[in-house]
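Reviewing the structure listed below.
First chain written, first letter: the chains are A, B and C, and each begins at residue 1.
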Amino acid sequence: MVRLVDLVRLLNGDPSGDLNTPIYGAASLADATGGDITFAAEAKYFEQVQATQAAAIIVPRDFPELKIPAIRVSAPRLAWAKVLEVFAPEECIPLGIHQTAWVGADTLMGKDVSVQAHAYIGERVKLGDRVVVHPGAYIGDDVEIGADTVIYANVVIRERVRIGCRCILHPGVVLGSDGFGFVTTSQGHYKVPHIGTVLVEDDVEIGANTTVDRGTTGVTRIGRGTKIDNLVQVGHNVQIGCNCLIVAFVGIAGSSVLQDGVTMAGQSGVAGHLTIGENSVVMSRGLVAGDMPARSVVSGFPARPHTENMRILAEERRLPVLRKTVNAMQKQLDKALTDSENTASDVRQLEERLASLERAIDRKGNLAGREGI
Amino acid sequence: MVRLVDLVRLLNGDPSGDLNTPIYGAASLADATGGDITFAAEAKYFEQVQATQAAAIIVPRDFPELKIPAIRVSAPRLAWAKVLEVFAPEECIPLGIHQTAWVGADTLMGKDVSVQAHAYIGERVKLGDRVVVHPGAYIGDDVEIGADTVIYANVVIRERVRIGCRCILHPGVVLGSDGFGFVTTSQGHYKVPHIGTVLVEDDVEIGANTTVDRGTTGVTRIGRGTKIDNLVQVGHNVQIGCNCLIVAFVGIAGSSVLQDGVTMAGQSGVAGHLTIGENSVVMSRGLVAGDMPARSVVSGFPARPHTENMRILAEERRLPVLRKTVNAMQKQLDKALTDSENTASDVRQLEERLASLERAIDRKGNLAGREGI
Amino acid sequence: MVRLVDLVRLLNGDPSGDLNTPIYGAASLADATGGDITFAAEAKYFEQVQATQAAAIIVPRDFPELKIPAIRVSAPRLAWAKVLEVFAPEECIPLGIHQTAWVGADTLMGKDVSVQAHAYIGERVKLGDRVVVHPGAYIGDDVEIGADTVIYANVVIRERVRIGCRCILHPGVVLGSDGFGFVTTSQGHYKVPHIGTVLVEDDVEIGANTTVDRGTTGVTRIGRGTKIDNLVQVGHNVQIGCNCLIVAFVGIAGSSVLQDGVTMAGQSGVAGHLTIGENSVVMSRGLVAGDMPARSVVSGFPARPHTENMRILAEERRLPVLRKTVNAMQKQLDKALTDSENTASDVRQLEERLASLERAIDRKGNLAGREGI
C-alpha cells in the first residue's frame, strides 16, 4: 500500500483531493475497484472516468475537473508505466546456479547471476552482473550476455551470439539459427553454411517465439533500444537500427536494413536487400518491395505512400459504382453516337433539299446578287 | 480389434453388411486397406468410395447403396471422430513426479498428476487431478491448472496464469509473456510493466508455438471451448469469448474483443481496441480495422462484408478490361464530339444558306401569308 | 589458414594472382579485411569489388580483370558455400548420452550418437548413426531418426514421427502436434483425434519455431530435399514433395499437396485440399485458393498468374487517374449529349423552315419537275 502523496512525489504531478488516500493497486478504468488507482490518457475518456470505481486517477494536466482524488501530469502514459512499476508483484529471483542447471567449462559469471533449473550454459560463456537465465533456456558456447539482461524460459541462444545489457528475451525466442540460404543445383538445394552470428545491442526486448537468424558471414544486428514483438522473423544479415518497433508477424528478409526509429506494424514485411530510411513507418500488412527514403509512411502491397494507398483503397471500394458509371456512360455514348449519326443524316437530307431548292430558284433566274448577301 | 457391431452400438447407427466384420484400424478413403474402417462425409465422394479397399465405411444416412459393410449415421464427421478415439494408439502417461523434474515449494497437486522429465513447477502452483505436464514444460509461480488439462513438451506458462479444466496446450505454447507496450520518449521506448495475467477457461485448446500475452493490468481471457491453432498471437488484454475458432497466423492486437462463436481464418487479423460481434467470421487474410456487428462475415483489407469484397475483387480482376473499355470510349467520345462539332458547323452553314434563301425569296416579294403556314 | 591454391583445387577454379596468398577467413565484399577471401556472384558488383579490402576473391569466369588474386568458377554461389564450409568454426559435439539427459527403455542408438544435456528420449526410439540431439530437445516414444540428422535445442518431436537421414531441425521446431480439426456441435467444438503421424524424408531442413501437425490418419509428409524456413505452419495431412522451398510465415492448410520443386515465398499461403503442380512458384503474400497446374507462377489474393496480377496491381495504382478520366469523360459526354440535342433541335427548326420554304415555293406554282432534280 502507498499513499497518494507518494505517487505525487514519484510522478512530480499536480494533486487534487485527499493526499492521504491509500492506494493498494492499479487497474484500468473499467476494472478498478475500491483501493485502485487508474488512469485516463485523454479527455475523450471523461465519461468512463465519471463511472470508475477507482480511489484515484492519473490524468493529463488539462483534464476536466474531477470528484475523485487525481494526479495531473504532463505525460500520463509514462506516469502510468511508473505507477505499474510500483504495483508490480515482487519477483523472487533465486541467485546462483540451480542444482539441475548445466554450466560448461570456462564460463565467466558476474555478480548475482541467476541460472535456474534445467538451464544450459555452454563453454566459454560470459554472463554479466545480475543476468537471469530462466528454466530450460539454452545458451550456446562462446555466447556473451551483458549485465541485467533477462533470458526467459526455453529461450535458445546459439553459439557465439552477443547480447547487450538490460535486454529482455521472452520465452521461446531463438537467436542465431542458420539463415535460409541454399544454392539450387541439379542435385537439389545445397546448404550455404552460416558462419556469422547475431549481435543484440543494449536495451533490446524480443517477444515470445520470435526468431533471429545468424549472418551468413558477419552479423545480424539488432540496434540499441529496439523492441520486437512476438512471432517476428528476422532474416540473416538483417541490420536493424536503434529504437525501432517491430510488431507481431513481421518478416524481414535477408540483408535488409532498417535505419533508426523505423516502425513496422503487425503482419507487415520487407523483401531482401532493401533499405528503409530512418523514422519510417510501415503500416499493418504493408509489404516493402523497394528502398524507402527517411520518414516514409507506407502501406499496401506493394507498399506505397500511405495517403496514396488510402486513395487507391477508396477507389477499389468504389469500383462497382465506377463500373456502373462506365456502363451507363457507354449507353449514353452509344445513344449520343446514334443520335449524332441520325442528326448528321438529317442534315445531309436537309442539305440535299436545300441544294435542290437553291438550284430550283437559281434555274428560274429570278434571283440576283445572291453571292453578295 | 473391434467388430462392426461394436461401432454400430457406439455410433447408434444404421448398419448394412456383415456385423461381425473385424475392424483393425481407421484410415482415409485413399489409404484404407484390408481391415480398416473409413468414412465419407458426403455423397460427392461416391466414386472414391467405390474404389476404396476399406473393410467397412461410415456414411450419411442418405448415401447411395454400397457393396461393403456400412454404418449410416446422422452426423458422419462426429461419428468419425468417435471412431478415431477407438483406434487412437494408447498413450502411456507415467504418474507422479519424474526424478529429473523440479517442483517448487507449497505446490498443491491433485490425484494422478503426471509431472514428467525436466519439467519445472514453480512455487505455490496448483495442479488439478490428472493434470499432465510433459517434459521440459515450465509452470511459473502461483499458476493454477484445472483437472484433466494436458501441457505438452516445452510449453511455458508464466507466473500467476490460470488455466481451466480439460485444456490442451500444444508444444511450445507461451502463456503470460509481457504485452508489447511502450511509451515513446525522447530517451527511447519506456517499458510498460505488465502486471496482469492470462485466464484460460475450461475446454480450451491452444496450438503449437502460439503466444498469449498477459494483461497490462487485469487479464487476457480465452473463453470456454475456444480452439486456437498453431502460431497465433493474442495481444495483451484481448478478450476472446466462448467457442471461438482461431486459425494459424492470426494476430489479435491489444485490448480487442472477440465475442462468443467468432471464427478467424488463417492469416487474418484484428487491430487493437475493437470488438467483433458474436458468431462473426473473418475470412482468410481479412484485416478487421473497425468494430463489427454480430454475425458479420467479412474479408479483405480492410475487412468489409464478404459479398462486397468478392464483388470488389471481381472488379479488380476486370480492371484491365475496364481500362480498355474506357480507352475505347474515350476514342468514341472524341469522335462523337468531333462529329457533333462538324454537324453543328454543317447546320450553321445550312442555316445561313437557308436564311439567305428565305431573304432572297422575301426580297422578291413573291410570297404571301408565310407566317400563317 | 589455407593457401589460395588449396581453394583453387577445392573449387576446380581458374586462378589469377599469387597462389600462395594466405587466407584466414571468409567475409562479404563490404566486411572483408586483410586475410579474408570474398566473393562477387555477378559483374554488377564490380564497383564494390574494386573497393574491397579482401586478400582474394571468387568471381564468375567472365568477370572483368582484377588487381587482387582471384578464383574464377562456373558457379560462384556454390563455390562460396564450399569456401564457407572451410572456414566454419569447428563445432565440438560431445558424443554419448549426457548425464542430465533422460533416455527411455528399449531405445536403439547408432554409432557416435550425441544426446546432450536435459534432452529427453522416449521409449522404443531409434536414433541412426551420428544423430545429434541438442539440449532440451524432446523425442517422443517410437520416434525414428535417420543417420546424421541434427536436432537443435528445445525441438519437440512427438510420438511415432519418422525422420530421415541428414535432416536439420532448428531450435523450437514442433513436429507431430495435433492438427486443427473439430466437429462443431450444439455443445461446442468436438475434438477430432489425430492418430496419424509425420514423415520427414532425407535431407530436409526445417527452420526455427516452425510447426508441422500430424495426420488425422495417415501421414503429413515432407519430401526429400525440401527446405523450410522459420515460423512456417504445415497443417495435418499436407503432402509436400521433394526439393520444395518454403519461406517464413507460409501457412499450408490441411490436406493440401505441393508437388516436387514448389517454391512458396514469404507470408504466402494455400487453402486446404488443394494441389500445387510441380515446379510452381507462389510469390510473396500469394494466397492459393484453387488447384494450380505445374510450373504456375502466381501472386496476389486470391493467387492468379503473376503477370496478370502485376497488370491488375498496375491498374489499381492508376485507379485515381482512371476515375479522373471517367469524370472528365462524363462531363464531355454530358456536353456532347447537350450539344447533340441542341443540334437536333436546330435541325428540326431548319427542317421546318425549309419545309415552309418548299411549300411556299410549291404553292406559287413557279417550279417544274422538282422531283426530277
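Just so it is clear, contacts are C-beta pairs under 8 Å (C-beta built on N, C-alpha and C of every residue); 3 or more make two chains touch, one makes a residue touch a chain.
In this text, all values refer to a predicted model and were calculated from it rather than measured experimentally.
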(message) Using only Cα atoms, superpose chain A on chain C and state the rotation angle in degrees, rounded to the nearest 5.
(response) 120
(request) Examine where the copies chain A and chain B touch and state whether the two sides share over half of their residue numbers (same) or under half (different). (result) different
(request) Round to the nearest whole Å and give the separation of the Cα centres of chain A and chain B. (result) 23
(message) Could you pull out the residues of chain B that touch at least 2 other chains?
(response) 100, 118, 136, 154, 172, 209, 231, 249, 267, 316, 319, 322, 326, 329, 333, 336, 340, 343, 347, 350, 354, 357, 361, 366
(message) Give the list of chain C residues in touch with chain B in this complex.
(response) 100, 102, 118, 120, 123, 136, 138, 140-141, 154, 156, 158-160, 172, 174, 177-178, 180, 182-183, 185, 188-195, 209, 211, 213, 216-218, 231, 233, 235, 237, 249, 251, 253, 267, 269, 271, 287, 301-302, 304, 311-312, 315-316, 318-319, 322, 325-326, 329, 332-333, 335-336, 339-340, 342-343, 346-347, 350, 353-354, 356-357, 359-361, 364, 366
(request) Mind listing the chain B positions that touch chain C in their complex? (result) 26-28, 31, 75, 77-78, 80-81, 84-85, 87-89, 91-92, 98, 100, 116-118, 134-136, 152-154, 168, 170-172, 203, 205, 207-209, 225, 227, 229-231, 242-243, 245, 247-249, 266-267, 284-285, 313, 316-317, 319-320, 322-323, 326, 329-330, 333, 336-337, 340-341, 343-344, 347, 350-351, 354, 357-358, 361, 366-367, 370, 373
